[in-house]
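Each of the next two complexes has chain A plus one more chain, namely chain B in the first and chain C in the second.
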Partner chain A sequence: MAPPPSGPTQKDTASSAAASESPAPATSAIKAPPPETPTAICRRSYIVLSFWLLVVFLGIPFWWKTTTIYRADLPVDRMLEWADGKACRPAIPIQIAVHADSLQEEEANHLVRLAQHAIDDLNDFSGHHLRLQLAPRQDRPREGEHDPKSALSIHLKPGDATTAALDPYRAALDITYPLNSVPPLHSASSMLTTYIATELRSTFAEEQAIVSYLLSASPSSPTSKPAGLSPAVVEALEKRATRALRYAPTYHLTFSLFTDGPTPTTWDIDTAINEYMKPLLDVLGPIHNFTIDTQVQLYATPGVQSQTLTMDDLASFINAAEWPLSPSIGGAPTINFLTFIGNQTIGFPDSEGQTSQSWMIPQWGTVYLLSQPDTNNHVPKDALRQPMLTFGGHLLTLLGTPQSGSLPLRLSSLSRIRSADLLLRASDTLGSLARLSRSLSSIAIPRNVADGVAKSLQHLEEACASLGGSEALYHARIAEEEAERAFFEKSMVGQLYFPDEHKIAVYLPLLGPVTVPLVMGAIKEIKRLLQARKQRAQEAKEKKSQ
Partner chain B sequence: MRFPLSISSLLTSSLLLSTASASSDYHERLNLRPLPLSNLLASFNFRSNTSLADFESQNFRLFPRSLGQILQYAGTRELHLRFTLGRWDAESWGARPWDGTREGGTGVELWAWLDAETDEEADAKWLTLTNALSGLFCASLNFIDETRTIRPVVSFQAEGDHPNTTLANAKLLHGVLPHEVVCTENLTPFLKLLPCKGKAGIGSLLDGHKLFDASFQSMAIDVRPVCPPGGECLLEVEQTIDMVLDISRSKRPRDNLIPRPIQGHELVCDTSKSYHSDSVCFPVDHLQSQEWTLEQVFGKSIKGACPLTEPGVPPVCVEVPHSRSIFASEGSTEIKSRDSASRCYDVAPEGDFNLVLTQLDASSGDKELVEPEQPLLYADRSFTGYGQEHGGVQAILTNPGDEEVEFVYMESLPWFMRVYLHTLSTRISAASSIPTTSAETSAEIIKEIYYRPALDRERGTQLELLLRIPPKSTVFLTYDFEKSILRYTEYPPDANRGFDVAAAVITTLSPRKMNIRTTSLLLYLPTPDFSMPYNVIIFTSTAIALSFGGLYNILVRQIVGADEGFESPVKSKLKRFLAIIPRRLAG
Partner chain C sequence: MLLPIRLLAVLTTSLFLPLASAEHTNNWAVLVGTSRFWFNYRHLSNVLSMYRTVKRLGIPDSQIILMLPDDMACNPRNAFPGTVYSNSNRAMDLYGDNIEVDYRGYEVTVENFIRLLTDRVGDEMPRSKRLLTDDKSNILIYMTGHGGNEFLKFQDAEEIGAWDLADAFQQMWEKKRYHEILFMIDTCQANTMFSRLYSPNIIATGSSELDQSSYSHHADNDVGVAVIDRYTYYNLEFLENQVKDLSSQKTVGDLFDSYDISKIHSNPGMRYDLFPGGADVARSRLITDFFGNIQNVEVDQKENGALEEELLELGRTIAMLRQKEADELNQYNNATSVPASQPTEPVKHIRGATALTDDNWWTKKVVGATALAGCIGLWALGSFLET
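Right, the complex of A and B next:
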């Protein structure tokens, strides 16, 4: 058994003191030890030094190497720049092709220039601007053909009065004008250009409001208040944002028939979907993919039994504990469309007598109450028409489509809004990751996180450059996916459960007893060196004085 | 009728078929069989079909959507899932229901044919399947990893009608979790899969309190494609629940579950005893079957027929001799079978349905229950040996019949049970004579061995033996094994309980096909003290620190003679103090 550390230290001090100074008078009974030879003293210094060298140059690096956690280099500054909105100022240019085949080329050019001026004067939001462009003349105007680069085409036609109409099937605005309203070549403005500008502005007003809201809602924006939006509009936009599901390339639609009792047990869902839902899903095809399943559930008791459902009842109508509405497996989020066979009605407290059959549950789906006689064991296709059309309308809302305008225009603006949204989300996630890696120094960062961040940044740049075009959605989607994957990397969390305190507790029994002699030895050696130096100086002084 | 306005010929054909099969897409049946010693076997069977075309287009009607999606996602061709609790007492209850094909070993057992070209693909799909089913049934099925998964060669055969090409590309995987405790949380999702949800039909009898109070209970889910001759293929999901209820236990009132001595006037006396009189009673207790009603046994009555079932097929059947009288609720019709051993009841669509089985007059001499059928084999398995290093397994297989029985004995053993296959031996004994050991008989009994040895931490042992037992004889199958020591983190939280070893599966090939499972075993492994790692760290740290301190001090210190140097201040002080004491004492 070794003596406790304090023992030898004291003894050592005593002996070293004895070596250098005169023996203490108190212990005169014991012989003074012979003075140590300078070689022994020197050897001891070397021993102490070599121990320390071993510890410093072998022990500590080895310990460091074996206990350190891998932290891949993240471009933290770049990520924070994206999060703060410094790397990219989201600006959505919207190309509008003007078809004015009835006008002279010069006249048309002048008209476009004037209209562009008028639009620029009206626009007060830099993130979203309209660019007019005169479309190349076509000898034979081909119907249905649409330039993929332009979001909208304007067809100017001479007519009796100034009118504008959105084409319900194409992204096109038909404007008729009286012949005399065409601006002469040198005029500075005209009724027609102002008319075109206001028409375009009202067409894109909702999209512009949404984009401006998105930019202001994201933490990266410099201003916290959306520019030029009234509180009512902001509220409506907030509602839209909470209703819409998060973007996913694929959604899973579940059509369910629930009934309180044993009937009906069959429904013509296949034909009903083909007839009423498929056209809508086909149109949405370029933005989202859809998978569909259907089910029939009997004896499904709703959470609320009352005949007239109040607004509060609607929230608890879905019997989540008993109804098999589990989300589908696979990555796609599920949207539920539920047809409940029952004669319940929804009552509004403020409007007497008015009832409704369906309601939407934000980010979840829709419930439609379909009343049918008990004896009918089958739901025919015709009875499903109204539910299906309701579901279609609600699907657009759940996907976050703007409310106004023609369908093609709404969808193209949906894809622009989504790409701006994804861009902001991805930047935001990257910013969170950067802040996380800065604030938690003990968190491991695996290599694939760094790779994901690099890929995300690259796609973000491409998306930012192509915002407003068709490529933007693709790039923004990949950027968001990679950013999310990097942020939710599983192995990053594990390290948190092994804190530094734990490590110290484990190593202390080893490090404590080893460090004490080492440190004491070092202190003693330093003391001795200092004393020797002082003595030498004194001796030199004495020598000088002699 | 799903496609009344079908456009293509494909749709038309499916229309015709669905019309044809619409009436019989769902079947349910409850079979009640009183067993000796006042037990009652209740076998619930629910079967629903969907056409493969509907399944592929994800139009679910009677087939549960949640299960269907999992099957599609994991590319499953055929699925068998079992939740079992308790032990089937073959000695007194006889042959198993469904010939043992609808029951599993204790815990959870799962086997499935998965569409996969390679083993790796099969493993990936198996992982998906177990994880998804784990979520659906609230069971720890996700713990079925590679070490608990085997690929049986001869024990399991696909039950469904598969085209030859699909089965060639399908891989069979079998996993078992003997430790899993089956309980109410597994029954609730099971009932949700039924079209009538346990709200109507025989499913309304199922209740967690009674089901998990049973002496033996087994829940099974089987999904397989069925191709009726000349028809389109269907996907059939069959859900089965077998439970053996102790009638006297079930009849106890729910609010007073503590067993109490029977009141004098309720005692059932054996009147055949010569000393029986009004004042003397010899209680028959369990020896005689009791009277019971459906409501007493299950705690509730059937709430009308499930409207999806085919009318005319009676859902409730009771297997008692016709001599015993049964009363049924109004509105139901009784259909007696010709063999005078069972009768069935058609349940009215509305209103409660109850059955009352009367007590048989002991003096009448009539049979009170249908004699249980003798099983083909009795199987029993246990551990032998002692100590924490080695052990042995002994399986006792008895053929009580007059025919030779050929069967496959399959074991799926955990990797930490290292089997010595060379010690595998059999000895045979005729029913009444003394067992005789002989090497020749051993070779005759085991026809074939399929053995896949375990790899540590990667896979378990798979042992399949093809055996043949002559009539009226018993075979003792034994082998030895070594217990390995696990790593610290591989022990479960309740390590001292032991490790469950899955039941052996016996599949008879001749004279007819049936399944028997032995009970699972509890293997006790050497268990360390779990504070050990910290003890080791502290112990080694101290040892290193001590040796380091000693070494360092010897190296650094100046060594002087014993009479040289200084006395330590403590020592001199102590000396002075000691010198004072005698002086004080003297003074």
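Right, the complex of A and C next:
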């Protein structure tokens, strides 16, 4: 603001500086603009103010809204609780029904109680415990009948000596006992109860070891050490873990016939599968679904040409570069069962004379060498019997079935192991997601991730409550599926990190030209207001002094 | 006294490191070229040479993810149509039979690469284009292209930052998607690309330091462009000559020691600090742990015959049981005319999934209404000021 002219005496000394600083209307060479009218000043203030209002109340909220990443609220603490094993202590109760129809009610009760005590004394691992229960009496014991709630039923029958035998067709243990070995009503222990306890323990030993290994291997376990497992057992369990495929609700089985010549061109695979594989796939039905395809490949050269295959050769026998063993059929993981027509043999370095026809590749499948006369154009069903049975046995192994016990028992224990496994996996995934959402603060978390997490948590709770029962697998499966889906949410990707230079480079060309007039206008207005206020105060003072 | 202590130490480490000590069961390779156009011929031949090598050492196509942003074999400027060579002697056509490119052309993007690593893909993605690894998988990740300080350019249009890569690896580690990774990169200032990694179990190596270029090895005058980069060339030379097959005992350390700065013309970098056990353990890993496909096969011995008999027996029994069950069901249905709709399962009360965010309909409406009112107010203010 120009200072008021001080007086006419200074007029002649008025230099160029004075001309520019104090343009006296009469003397200055440059014509000054006419004084601004108060309405114009007022209008200018309104304009500046409205621009600022626009920026502050519309621009900034819009910018904020459009650039923030949507992050749904995840129950991070609860997810971490699951991952750390605090939310659920996996414990698999195994119900065992005792059928002792030949005993008196009281005697049987007492026997069961004593046997339960003996089992509890033997058991040192809390994650897996056996619970005996006296089954209600049946007037007519029906063969093949099985209570779905109990994992095993014991049939006590009087006999000559104490023997135990697993029923190969049902989850049942037949125990015979001499009459005199039944504990009297007030005795504290007896031979028979100890016998039952040790029998049961040995029946479930493998399952117990696997479960205890699972719990100890997962980082979520409170105790980081397998409970009382010997190194040899741990090694066997590790081997099982590396062999077995990861759980999937559906597996795709590919049966391939490879031959290095022009024959054979056909095989009775359909009837062979129906005959030898189907029953097995049916009993596996509650745990897995299977889809099947088959193929025949002629002139397929193996990766190794030698007649006698050594252990090293076996690993490279599969000609991965040329054989069409593609996994891209459907969405399910593929298990390959390969029959190779050829007269190669497998040589063992350590034991002479021993021969073998097949080998298993962990997590992949099986190769079976089938020798066949060259002239034969067709592989009949009978020739496929041995390969099919081998494949069946290997399928069980690849699915992680325990090795010991009767098949029904192995399958039921597979379903329990898998449900514990899935439960741990799902909790682990949730934990990973929770940690990730904390560490990557700029990752978007869409709403369906939160929904998936909620669903997963709910099913986890139900699975945890029903572990050991038949529903556990169902709930654990859904929990794992939902947790995986939440973790692998498609939209949770993109470039997560933008360096500050990038941000400046993006914003400056736009915001620079916009902010300069805005800020300058604001500063000028504020200056003017302050000046006007000062002037008014001075005028008021002058008025007072007058 | 010493022996028991040592034994104890071995025991405790084996107990507390169950994951680290376990072996891997499968091998995967992710081979990525990131540049387009004819003058970047050498980048594609780098990738294809690596592809040939891992395939030679037994990794099946289903476990190799190959990303090629351009098709040099079919480029109109290619004097040898349908082929790609990495050497001017043209002894080996890299583009011959049996090549499976998983991501090609404009599919090779930063987003797709990160999606591949983190497996955040839609249902429509076929299994052959996914990295289906688990906690027992060793992964070789090889990248080549044009890079700079902490970035690698993809297709002239975008770039992946070292932080993005590090975050992607961390996500993989969190989800247990690898056992060990060998990260190898051939680009200018390559060593900056792995400087930001922070996830464990990764060995990283690159062709050149910060402010250093990575150079091409030689040009083929008939093809008209450089055909391979130096760093990749000498890596391949080692792999071809020293690692003949899967039984090779050469280690990662041997490979790194073979690097000769006078030949490569830049300083290759290695990073071991992410590996548990540091440089010694990392260097002692076999080449075939990453470039080959190790399979620990299990041969069946004759004694297993019992199991097969049992299976056959089981097959018969099951058929019998099924027959019996069907019969019983028929009888049951005939004897008692139970209505089919009778509930057989106990009714369970399942608490439904609860929504975790509570931005409801009304707040959205209110926000909308406010914004509208604000706009009208501004318009009114404007027209008031105008008059």
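Here, the second predicted complex is superposed on the first by the 437 of 546 C-alpha atoms of A that agree within 3 Å, B and C clash if a C-alpha of one lies under 4 Å from a C-alpha of the other, contacts with A are read in each partner's own complex, and residues count from 1 in each chain.
Keep in mind that, in the parts below, a contact is a pair of C-beta atoms (placed from the backbone, for glycine too) under 8 Å apart; a residue touches a chain by one contact, two chains touch by 3 or more.
As the structure is a computational prediction, the values presented were derived from the model and not from experiment.
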After lining up the shared chain so the two structures overlap, which partner does A:Lys381 touch, if you call chain B first and chain C second: first, second, both or neither?
first
So, A:Trp52: does it touch chain B (first), chain C (second), both, or neither?
neither
Figure out whether A:Tyr474 sits in contact with chain B (first) or chain C (second), or with both, or with neither.
neither
Could you look at A:Leu440 and tell me whether it touches chain B, chain C, both or neither (first, second, both, neither)?
second
With both complexes superposed on chain A, which partner does A:Pro362 reach: first (chain B), second (chain C), both or neither?
second
Which partner, chain B or chain C, is in contact with more residues of chain A?
C
Once the shared chain is lined up, is A:Glu238 touching chain B (first), chain C (second), both, or neither of them?
second
Touching A:Gln295 in the superposition: chain B (first), chain C (second), both, neither?
first
Check the residue A:Glu322 against both partner chains and state whether it touches chain B (first), chain C (second), both, or neither.
both
With the two structures laid over each other on chain A, which partner does A:Thr271 touch: chain B (first), chain C (second), both, or neither?
first
What is the shared patch of chain A, the residues that chain B and chain C both contact?
47, 322, 326, 328
Spell out the residues on chain A that touch chain B in their complex, using ranges where they run on.
1-2, 5, 7-8, 10-12, 14-16, 18-19, 23-24, 26-27, 30-34, 36, 40, 44, 47-48, 51, 254, 262-263, 265-266, 268-271, 291-300, 322, 324, 326, 328-330, 378, 380-381, 506-507, 509-510, 512-514, 517-518, 521
Touching residues of chain B toward chain A in the complex: what are they?
1-6, 22, 57-62, 64-66, 69-70, 73, 132, 136, 192, 195-197, 199-200, 306-308, 534, 537-538, 540-542, 544-546, 548-550, 552-553, 555-558, 560-561, 563-569, 572
Write out the stretch or stretches of chain A touching chain C in their complex.
43, 46-47, 50, 53-54, 57-58, 72-75, 144, 168-169, 216-217, 224-226, 231, 238, 241-243, 246, 275-276, 278-280, 282-283, 303, 311-312, 314-316, 318, 320-322, 325-328, 331, 333, 346, 348, 354-364, 385-386, 389-390, 392-393, 407, 428-429, 432, 435-436, 439-440, 447, 450-451, 453-455, 458, 462, 487-490, 492-497, 499
Chain A-touching residues of chain C, taken from the complex the two chains share
11, 14-16, 18-19, 22-23, 25-26, 55, 58-62, 98, 110-111, 114-115, 118-123, 126-128, 132, 134, 136, 160-161, 163-164, 167, 170-171, 174-176, 245-247, 293-302, 304, 307-308, 310-315, 317-319, 321-322, 324, 350-351, 353-357, 374-375, 378, 381-382, 385
